[in-house]
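As written, the chains take the letters A, B, C, D, E, F, G and H, and residue 1 is the first residue of each chain.
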């Protein structure tokens, strides 16, 4: 079992910490895991994305040309990655910021109004964790409890931790 | 009927800048393109952008351009100018590039009085590589390689490269400006024009140091960064003409 | 009004610099993201833009065209 | 100590500190900045230690030279173009028999190239890109864990053999995050070499130099270096083999490429192809004997590198003709996936008429 | 033109000027100073030409880069340590496909070493001491006349293939004085390349660069370079053979060593030993086919270099096992005499039981 | 009975200098050895002679010494001092070494305020390599690479490195002296002592520029060359304290 | 005379610097080459050397030992 | 026929121009010839020497470990080189500056009071050419006439040329 996931969005949306938290949780569940952020000269505040590979065996490459899961936090990411998804894969869409539709029939699509949900929790910046919670519910990659615990290591600020943990659960319950 | 009061310069290629919101680089790019047109030197200009956030400058400036190794802009410019003196040769260098690894190349090109112009973008950090300390980083300023703030006992004081270059007798025009307000932007354009003129008049080495906001690595929003240039940077790097051997007599 | 500007939504990165410097506060921020995820500046037509072109002078993205007359 | 998630660059930094690295001298360059930054955060204010962001790579390697002369454990890191600038300094370190650890998280070249991962500095590292006859031990990790482990052993090797040791990684290894375990604690006492220059205090004054007006003296230096190199070849050659016993086709690859290859080979095996992996871990000294051993059973070798074919020459040199060498290379920073490479393996396998 | 007495360094300078070299950028270093000084005297005040004593070798190679971008014939020269400092620049020149001539009058290494003649920069020159996959044509003269001739052809080759060409001499060739004849006159018009950057005058603006955020672009650059290298291997491989037809033992040597070897071989022949000489003139591309041809008749090869064994690897690579390779090397600047080397030849000849 | 008024310093190894008759290098060597003794730092001193006529300085100075790559003395010194701050670290560099290829290393070590001392021998030529132009070569001076005399339009003016280094705020003591007369030699010794003191007092970077005769490459006999220092060199390179932040307040 | 000097013939390179600076002209050049081919300085015993040690101060070869008393 | 000669002396004695003039003459007589000056960091005004090889075939190496001729202009050179001379070889000594004797019976030794002879011609600086003239008489490497002509190319200053040509002949006649 080897599962590749791409998280993509704007620079400010906390896409990378989605990936890191997932990776941390996977490690805590003793799985093999790699996390690879996108880096490059062209990345100047613009879009960001990262790839997380979770597996039971050694992982050959942290790169995912055709991932099983894609989480798109904004429209450009949807456009850029929609054709990369493995057929039969799952595409999570942040419907708060994305209107465009995907023109593929061979994949599952789930829409999560991540920003709205975050607003409801009156913590707009934790839309990413809402999305991550929803993702984990559907992907079943790690247990939501491990994920919640993982924030204790991936985040420093205690106050933020609780807020984000709520966000995770909210997303999880929504999906 | 309405006439155009401002429109995109013709020698600025039509492409969205890759720079961060509020970055000063693209402003300087625009000024250069306006000058290529106004001074009508577009067909003589050869630009040298070394690595740095502006490594892709050739995607925007519609003149001949050649990439240079990090810090070697002044040497490359020397080679071009010696081989083809008719050209108007300029480097476009960051503070890491010109004031750290390029220190020797810059000072000696200036000392030889090479007829070239250095556009020196001082944003007090290494932008492209992610906000490390630059020689121009201010005291107590936090960067990714001075996480505890720059300490003069360990990392030394910010270096005033323009003043150093001014000591060489081959340098003829040196001015420090900024691109953080309408008036400073206008002055910057005047300075660059003057620098190009001294080159064309075969007088010697010219350099324009431009204080330029880097909101991303300063961890500020654009307007905060534009104001920080006034409130902090200019205290350490005062604006104005540092050397003009043509107007005044030799400064050193 | 004696002038007006055109802002290219897609070039704009929502840095708000033009907004801060416009002497007539004739520019404000729009509330919908452009495809690059920025909230672009938008010209408020019934402000009293004089076409002074300060916004264009400061705009890092060269996203503004100014008309005067 | 428990596992932690870390990117490769930071893992090198942590491992170096635990190996007693006292002075780090570096200069920013992607894709190794996290290492420089890690040292800034964790070494710059540490008691008795020093971190200097040099004005250039040339300067950094010469600071390393100075710190090594003074007897402490010291290192520098950079990526391809920056490593080119260090060649004179590396030649000096080698000539003066000074220990040092040099990390190259290499990127696409030549020229300014790309900041993506590549392996095209193999020749530079193994043949000595600098002037004169010298060699450096070159270690090629292929995981974050190995980046940490090899960095640690690099310091011991450098000190044992009085020479620079190069850790040759790449941009992807530096950027990727994996669980890593650090097997050593930070030493309470930082080691200082016996032969350090620290002033002629109750001993005669010392000189560290190579320059001579008598070539025969320099020849003697070269021969003594050479004798040491022979010893290192015997004792420090390291490599990994995987499913080679019954292999009809052996893939030779190092670093990140070996890791990708291994993944492809597993699938190839499950598809019934008898494919094995030879992964040199020490690129110099190169595991030539192992190659010769393998060549007794296997005649087909497929060298896979993220360059235009450099380690390939060492495989050919080792084979001395008893074995056929094919090459698959992706230069410039392109990183093929295991499945892409699987297709390559499969094609060769059948082309060569292997069953 | 009649013969004149000249030292090797000056002969290179005169040949370069006659080849239309317009800009020279250098930095003093023994044993090549006479070349820099010759250019100062004869190029610095020449109409339309330029001589710059740079502040360093790093600067000099980047000035060459600039002059080449502007389309003129340009060169630099140095010796071993200085050449190490040029590695990044050479990588850039190669990447941007810019013609340039680089002269290395090499000396003893590693480190500061000695100023005496050596050949230990062979790997650096033929494998590319800089980062990334690139090659340079490397020519190895063995007389003052050849220094002049090869310098001239170096400029044409550089321009034809859009790449740096290295003339690899040594301290002795640079210092020694011999009769030399210059076969070309100074051109009345200095050539300027078509693709020069001279301003977007009645043409679109041009960009010279390699940097890219898309590795596949860089990969394509690498492949196009590689295709050119293949072509060069076909067309520009040059070597000299001497008395090889009936040879039982073939000595392989380049440059000054080949010249010494030839003297020894003549005496060996007069002593009845069937010895021949293989002298690669282009070190890259290396005359592998010739080696393979020779190996059909001769099985014993003795490689002689003034280093610890570098070209030896190319001989082994070419032989692929059909032939036995022995090595005799003198590193550090020691220059054996023909009679010393004769003893070596004789010893090997009988040890190998040759008649 | 007669007592010794002058005898060979104990830390000067007994060996005939390889320098040319009248060369200033060996005088500076002697002064250093006298100071090792008088300041009793011989057991703490670490010297760094890069290539140059003085590359063999370790044959004479009886202290720990390490060869450095050309121009990199300040970087090597930085490495040593950072690794072992108790040492008294000095470089011994020619003008080619310090002011040409070593420009960046020198300026940035000074700017960081490294507690090291640079002994800077200015003889207006590259001596070891046979008399090529140095950055300090005077206008119209003929050298093997300026056979027509140095021309400021082509090779630039001689560079005043000490004044440039003085602009960095990490430098605390900088003086220019000469070794061409009894009084200048005495002043040189005082300057070096002061420089070592500022290092030992952990104040920052110190540099002593010493105008030194090179009869061989100046094509003069020894006394002519000693006089040329007065009549010509000192006009371009005025002697005296250029910076002393301890006595006076910061110069820049 | 209140002082005298000893000049090491073999260290001396005949640069004549001591000769020029000796205030009492108590040093002259010898007429026979030393083994290195230089004409060494020689002390003229019946001059009026005061042992001021200026010669030693300027001697580049550290070839002079000075006695006073 | 391959003859190696070493000329040695102090820096100022014009040792190198002796070698160069010989090489020039040999070239003018269409012989193969190489000239190699000593160079090195330790050479600081001190001693200088050069090697000239003249031959009818290609010359393998410009270096001479055991030369057929040695010309010593001063004592240190004599000490340094006396044991290198090929047995049966010829050693020319500038008796004006050299007292020491050579402790070898297997070689010919000729003493030329070069400086005295030069003084006589009231051109002390041309002792080297006196010596060269004597050398050519005994070595027969090139004809004296070619040697005399050679100066026209090896020397710039016309006045010096005539003086030195006289010196050559003087030395030639003496030996």
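In this section, a contact is a pair of C-beta atoms (placed from the backbone, for glycine too) under 8 Å apart; a residue touches a chain by one contact, two chains touch by 3 or more.
On a predicted model such as this, the values are computed, not experimentally measured, just so you know.
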Starting at subunit B, fewest touch steps before arriving at subunit H: 2
Farthest from subunit E in C-alpha centre terms, which chain would that be? C
Decide which interface, B-E or E-F, involves more C-beta pairs in contact, and give its chain pair. B-E
Taking the mean of the C-alpha atoms as each chain's centre, how many Å separate subunit B from subunit F? 34
Inter-chain centre distance, subunit A versus subunit E - centres from mean C-alpha coordinates, in Å: 56
Averaging over Cα atoms per chain, report the distance between subunit A and subunit B in Å. 40
Can you check how far apart subunit C and subunit H are, centre to centre, with Cα atoms defining each centre and the answer in Å? 88
For subunit A, give me the residues that contact two or more of the other chains. 40-42, 46
Multi-chain contacts in subunit D: which residues touch at least two other chains? 30, 55-56, 58, 81, 88, 92, 96, 111-112, 115-116, 209-211, 213, 335
Multi-chain contacts in subunit G: which residues touch at least two other chains? 36
Residue set of subunit D touching subunit E in the complex reads 58, 80-81, 83-85, 87-88, 91-92, 94-96, 106, 108-116, 118, 120-121, 123-124, 127-134, 209-223, 226, 307-308, 310, 313, 316-317, 319-322, 330-335
Which residues of subunit F touch subunit G in their complex? 1-9, 12, 16-17, 19-27, 30, 181-182, 185-186, 215, 221-223, 226
Would you pull the subunit H residues touching subunit E in the complex into a rising list? 20, 23-24, 27, 33-37, 39-41, 57-63, 65, 153
Complex contact set, residues of subunit C against subunit B: 3-4, 10-11, 13-17, 20-21, 36, 38, 51-54, 56-58, 60-62, 64-69
Quick check: in the complex, which residue numbers of subunit F touch subunit E? 51, 55, 67, 69-71, 96, 100-101, 103, 126, 128-130, 132-133, 135, 144-148, 154-155
